[in-house]
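As written, the chain order gives the labels A, B and C, with residue 1 at the start of each chain.
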Amino acid sequence: MATYILRRLIQAIPIMIGISIISFLIVNLTPGSPVDKFRSPRVSPETIQNLIRLYGLDQPLIIRFWSWFTHFWTFPFDKLAWGYSFTDGLAVRDKIFQRIPSTLLLMGTSLVVTIVLAIPIGILQAVKQYSWADKLITTFETVGYAMPTFWLGLILKQTFAVQLNWLPLYGQNALGKHDLPDMLMHLILPVTTLAVISVAGWSRYMRASMLEVLRQDYIRTARSKGLNGGQVIRKHALRNALIPIVTLLGLTIPSLLSGAAITETVFSWPGLGWLGVQSVIDRDYPVVLAVVMIGGTMVIIGNLLADIAYAVVDPRIHY
Amino acid sequence: MARSEGLPAGSTVRLSPADDFDEVDLVPVQTFWQLVRRRFLQNRMAVIGLVLMAILIASSIVFPIIGGDAWFKTSLVHGPKDPISLTAPMGYDNLGINIFFRLMKALQTSLIIGTFAVLIIAGIGTAVGSISGYAGGLVDNLMMRFVDIVLSLPGFFLVIMLVAFMGSGNVFVIIFAIGLTGWTTAARLVRAEFLRLREADFVQAAKALGASDRRIIVRHMIPSAMAPVVVASTLGIADSVVTEAALSFLTFGLRPPEASLGNMLTGAQDYFYRQPLWVYYPGILLILVVLAASFLGDGLRDALDPRQRIEA
Amino acid sequence: MTRADGQGDLLAVEDLRTHFATSDGLVKAVDGVSLRIRQGKTLGVVGESGCGKSITALSIMRLIERPGRIVSGSIKFDGQDLLAMREEDMRDVRGNQISMIFQEPMTSLNPVYTCGEQIAESVLTHRGGSHKAAIGRAIDMLAQVGIPDPKRRASEHPHQLSGGMRQRVMIAMALSTDPELLIADEPTTALDVTIQAQILELMKALREKNRMAIMLITHDLGVVAEMSDDVSVMYAGKIVEASDAVSVFDRPHHPYTRGLLASIPRLGEKREKLAVIKGVVPNPLNLPSGCLFKRRCPDAMPVCDTPPPLRSVGDGHVSRCWLAPDGGKPEIGENAQATEAVAAALTLTVAAP
């Protein structure tokens, strides 16, 4: 197992390099320059030139890339490894580290809620296939999965926060408060937005996986041994049905991050996604670069975790 | 005792419908596409998807023509307080624009962007996938690493970046950005098909006849591999339309006076209290597009897949 | 006229009907099947694919699921009426007094549990006791079925074993609760011929040891001849012939049985063509009227338009055919339009000996 993990980590390196190159190229080759917002009749060309030199924008691309790339990975030790933000001059690393916990909180809670709800729902649907409950739930699932995140977020926000005033409107905490209950209140709406759509999707997978498993010969064998329905499902069907779900979990991490970007923006949740969107608007390139890199890293880690989980859960896999 | 074969001459035998030996289990032979069509039409959800999609496409063509400039013409005479009428079934917004026609124009824009983005996805995906799958070996390896890299990039975020940096509000940029980030799944599908087809008999036969690689790929393999691409593309339209809407909602995409389902939502959110319908209309239309594309795509997949699944 | 319940009948199936309501129509997979299995004896149930033999077995175990349904009939096992039981009581019978093994050893075992665990599960369910003891018994059983190094194998997963070994594990699992009846549904069909022979030898040895009755379902006449005391031949959901094995092989009556036996090529025979039964099995959704075999039967006559009764053609030998017991012309004449009364008037036996 350890060799397997090591092997995968080594395989991740070229991907990491690739991500770095592509991100860097996108940020630096697109039209417009970070100094453009400083240009105005009142700013002299020399100042602009100085700025260009300051940001190292006059160097060849390769040099700039190498310089940035090598500095990037010193971040555990160097506060300025990711540079300064163009908007407020703060160290990019600090800005990002400050935001990561919020995003993880949002993502993590949504994931937990999704798993807790989607798995039982999917199982129920599979066991009671074709019943009215199954059909009704399927309808909800289909419509729920088709909803755009931002629209649902919008509606929930307007209904519960603005009109009914039951829940806070935005942010992670009310001004000045730092306690848990307050944060939980703020967490409800964004998590619900993500969870509704997520549960709709996952319970369909669970249902399909469960149905597939229930058709297998070994289920018939289990029944022929005299086990009751519950035992057959819990012991024999469930473990097998969860295997593909576990793999899928890792593979949906990329879309979780995208979903985060939109939801955080709608609810002004102080997370990485919102920071990313803001910095794109502000052309804050160092921050944008860092966010993309972090995003990419999280995807790679997610895939690795999925592969490991799969190897653990399915005894047929040799690693 | 063994007896002679068949019936004694002159005997009368009562025949019932199942007695005609030759017609046992003979089903008229159908071509592949006829079978696909039959399976598709028997699938209720698929037909619903097809009909819904047809209605949506038709609406997006017809109503903008009927409406003319109603979708962006502001008015001081009409406003939110106007009752709904035949010419304005959804009323007017705060700028006096006819909401229904603006909605239809937005639908048109969304569908166009979605379709073209999907074409780019299919194009790049097929190109990459076919070369990778056919060539195999090192080329395949390298290309798949590249796909892995693109997949690891946060997709939506990348789209935002591309659009923002290359020009917000530019339809071509939007199409290009969505297409450029979404081709990976199609590439994998095509590659999988190609890997399978490479060893197929008819490909070996073409090779034996001396056909060049390019001819084999284009004339023989791509048509076979198209089926999963068609399915993925149909489902991809839903994705692209929603992505465009999200872009426009976040003000990266189309901005007023351009009509997009996304920017109609941006405008509507501040008026939700008084005019909740302004938020529901574009949203429900989006949902309908996604549902239509999903049902259609799933229906196509089930119809094309020879391993039938049993539905109640 | 039905024969009186014989002494020592472990299992008595009477006029079992299991129907499937599919979207294409009603499929009468099992349509009036009766059979008996005596204590400690082996009944071979023979027939082509689709004739309903597996469904019969699943019906006995009450493992039929939607859209299938046991419509009528009775199944008496050891004095209990299996069809009238509550489901909880049936579960006490399944895997305990009646065990079943299936055709596909590759897919019949759960891939995520070890072999030992799966055998132990049977033991724990029906005999209770500690987990440790159950595993011990599992290892025991693995040894009994001839698996070398049983302790190691018990902790391995099914995919680590070959097909033949998996079938042995299935047998071990089925026998771990000392059942009185073992239902074996094509146990060797999916295996190599050499492995097949080994498994059959194993079953014979275990049958001897445990004094177990076996219902052996197969399409392979060789296997039947090897293993069975009694034979029932099925066709299109009905029993067409039944007797002890010797009678069926030496004095087959029904044209189908005769066709099956004739189609086996024999070493040393000089033939140009293999003897075949012409035609194909009827489509269950479009069954012919009258005798289900008439379209393929070399002896078909007008009277075959009326469904023949299952009638006695010898001592404990029944056949569903109008032909006289000696194979000659039917007593009621070839061209007769037989009625139900006429059919009933012929000597009838509704069960295997």
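To be clear about the criterion, a contact is a pair of C-beta atoms (placed from the backbone, for glycine too) under 8 Å apart; a residue touches a chain by one contact, two chains touch by 3 or more.
What you are looking at is a predicted structure, and each value in this text was computed from that prediction instead of being measured.
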item: Chain separated most widely from chain B, comparing mean CA positions; value: C
item: A-C or A-B, whichever has more C-beta pairs in contact; value: A-B
item: Computed distance of Cα centres, chain C from chain B, in Å; value: 51
item: Where chain A and chain C are represented by their mean Cα positions, the distance between them in whole Å; value: 56
item: Between chain B and chain A, distance of the C-alpha-averaged centres to the nearest whole Å; value: 25
item: Of all residues in chain A, those that touch chain C in their complex; value: 216-218, 220-228, 235-236, 239-240, 243, 313-316
item: Chain B-touching residues of chain A, taken from the complex the two chains share; value: 14-15, 18-19, 22-23, 26-27, 30-32, 129-130, 142-143, 145-151, 154-155, 158, 162-163, 254-255, 257-258, 261-262, 265, 273, 276-277, 280-281, 283, 288, 291-292, 295-296, 299-300, 303
item: Touching residues (chain side chain B, partner chain A) in the complex; value: 145-146, 148-158, 160-162, 164-167, 238, 242, 245-246, 249-250, 252, 265, 269, 272-273, 276, 279-280, 282-283, 286-287, 290-291, 294, 312
item: Parts of chain C lying in touch with chain A, wherever the complex brings them together; value: 61, 63, 88, 91-96, 99-100, 102, 104, 107-112, 121-122, 125-126, 157, 159, 170, 173
